[in-house]
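Taking it in order: structure first as structure tokens, then the write-up.
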Amino acid sequence: MALNPWIVIVIWAVIIIIMMSAMLALPMFWSRRKPDPLRDMPFESGQVPQGEGRRRLVMQYYPYLLMFVVFDVVAMFLFAWGISFTKMPLDASLPVILFLVLAAPPLGYALHLALNRENW
Amino acid sequence: MVGFPPTPAEILALIIAIVTSHQFITIVVFPGFIHLLLVVAFLTWYERKVLARIQLRIGPLYAGPGGILQPLADGVKLIFKEIMIPYKADRPLFLGVPLMLALLAALPFAVIPFGQNWVIANLDVGIVFVFAAASLFPSMILLFAWASNSKYPFLGGLRSLFQQVGYEIPMWISTLSVVMLAGSLNLVDIVNAQSRIWFIIPAFLSFIVFFIAAMAELERLPFDLPTAEPELVAGWVTESSGAIFMLIFMGLYMKLYLMSALVTVLFLGGWWGPAFLPQPVWFIIKTLIVATFIIIPRGVYPRIRVDMLIKLGWTRLLIIALANVFLTILLLSSGVLSAWGWL
Amino acid sequence: MVFCQLGGGCELPLISIPPDLTFIVLAAVTIIGSIMALQAKELIYGAVALAVSFIGIAGFFVFLDAPYLAMLQIAIYVGAIVVLILFTIMLVRREATDELTDRPERGEGAVGVWLAGLIAVAISGVAALAGPNLPAEPQPASLPISDLGPTLALQYPIPLIILALLMSAALLGAMALAKLEK
């Protein structure tokens, strides 16, 4: 019987979830559970932890996240174009080439800005 | 057709028909669930042996002949250990995210073809499905690091986020060259297009970029920052113990197998090989060779620095991958490959 | 009486499984995800619920025979934008987020349920009255993936160019904002 491949993927995901949940549920039966305040302290190489565990850190790398979003979209469009590259006449690729040409300098400049920030 | 209510004989016939159908065998046995578990367990042993030989040691030796049962011993030990949830950690996320990690690492195996007919689900959007599943990894790691409520995991999680996010784009662009050569997103079609020539030859630069980006995605040395031992204890996995650690560990090794299988499918011709061995065997041989080359640098190279990591991913790899895309455009439009009968 | 056929669907009087079951499951996932994204006490849970609702929408794209769009949705929305949201939440001070717990007004939930019920009754009433004159379900236009690129490039070149300019402007604007605060 030929199943729709997406249904097969759902079946595969369900099988994996069941098996992994079984692996997670086994320790509930087989291992001891005694919450101990000394053992449950967050690990800091032996010393008493100080400060909140999720401190606010100045993270200078977040422009890369922004760039990732934009490059992600560009890459997806390029995939849509790349499949049919051999099947289209060359002038059908012109809008995509123009797309790249228009987007590349600003993206390159954004990359340059991110790389040369004086913070790091 | 089954009437209602179905008789036991009909149920039995139905079950037998399902269990012996090709679809069921691919899902459960090969290349499905049982094969995945066995190979992942084998890979943990294999890695320890390879690294041991590089470091002039022997590696696991006592559990079974040559230490081959070591993964089983590790698994049993981890199941029996207590799961320690840190103080004020986020319990649902702490327990649920490792499950999702293992699921996300195993899910793309549904579309990877091990042979002409050995694929669980032959999607038309094959490679993009793999990348969509892989793009969910950074958020899972970030959630787990946050849920651990501890400084070391949080720092490790942030580092892991930027590392994985930064190397996904070079991986995608290098796959673009392969997709252009093959003319399809379907992984079976991509392998079939390599029946004359493996794509590593026309897309050699892409192969290099993909290999390096895959190593960065797997957080393997030299891209070991998120779990750097001298700095972060164990990075974002610090607070995981017992079965949680086992799930994460399995997820990491499934990802290793996944990336090696992807390299084989995209660049090394998948299952094509001389006919004296069946197709899936060739696939597994090639995948193991790739996995060996991913494992070896762990014993050889020092760790890369953060700013060099970012520069490598965002500038040099991206430019090399784009160069290969242009090269592919030239190759395809000039008709060199089809003139020589290779495509 | 034969209810279920092997390989076909089960036909019960009102709904036929599986297409309607798929729709109901997907709709439930999406709607519950988005409601929880609004109502969650912890912002992180809200972000996770938002990711779940995005995955539900991706499921709808698969259901409507647009698998490439579904993968695009997951890779971009769940893979990049939710990551951005999570990252932003994690770097905001706790004090700023602790005051966001506003108690729901009395009867807020009841009004919502009542309105939803009104709309449901209205739609099903119209559907029942129209009866056999309802137009057939429109079949989603099936566009093979290999046609997606040429269609995009040949029929919609102007939106492509505008998209390139828009993305560049958004990115440079974000970087400028980031530079301003230094």
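We call the chains A, B and C, going by the order they appear; numbering starts again at 1 in every chain.
Following the convention adopted for this analysis, a contact is a pair of C-beta atoms (placed from the backbone, for glycine too) under 8 Å apart; a residue touches a chain by one contact, two chains touch by 3 or more.
All of these numbers come straight from a predicted model, not from anything done at the bench.
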- Item | More contacts between chains, A-B or B-C | A-B
- Task: Work out per-chain C-alpha centres and flag the one nearest the whole-protein C-alpha centre.
- Result: A
- subunit A and subunit C: spacing of chain centres that average the CA atoms, whole Å: 19
- Message: Nearest whole angstrom, what separates the Cα centre of subunit B from the Cα centre of subunit C?
- Response: 29
- Take the average of all CA coordinates in subunit A, do the same for subunit B, and state the distance between these two points in whole angstrom. 14
- What are the residues of subunit C that contact at least two other chains? 6, 67-68, 72, 75, 79-80, 83, 87, 90, 145-146
- Message: Which positions in subunit A are in touch with at least two other chains?
- Response: 1, 6, 54, 57, 59, 65, 67-68, 72, 76, 82-85, 87, 114
- Message: Touching at least two other chains at once: which residues of subunit B meet that condition?
- Response: 123, 128, 135, 146, 165, 183-185
- subunit C - residues contacting subunit B, complex: 1-6, 42, 44, 48, 51, 67-68, 71-72, 74-75, 78-80, 82-83, 86-87, 90, 144-146
- Item | Complex contacts: residues of subunit B adjacent to subunit A | 21, 23, 27-28, 32-33, 79-88, 95, 98-99, 102-103, 106-107, 109-111, 120-123, 128, 135, 146, 148-152, 154-155, 158, 162, 165-166, 168-169, 172-173, 176, 179-180, 183-185, 233, 238-239, 242-244, 246-247, 307, 310-311, 314-315, 325, 329, 332-333
- Name, in rising order, each residue of subunit B that touches subunit C in their complex. 1-4, 14, 90, 93, 123-125, 128-129, 131-133, 135-136, 138-139, 142-143, 146, 161, 165, 183-185
- Interfacial residue positions of subunit A with respect to subunit B in the complex: 1, 3, 5-6, 8-9, 11-13, 15-17, 19-21, 23-24, 26-27, 30-35, 37, 39-45, 49, 51, 53-55, 57, 59, 61, 64-65, 67-68, 71-72, 75-76, 78-79, 82-87, 90, 111, 114-115, 120
- Item | Partner subunit C, residues of subunit A touching it in the complex | 1, 6, 52, 54, 56-57, 59, 62-63, 65-70, 72-74, 76-77, 80-85, 87-88, 92-96, 98-100, 102-103, 105-107, 109-110, 113-114, 117, 119
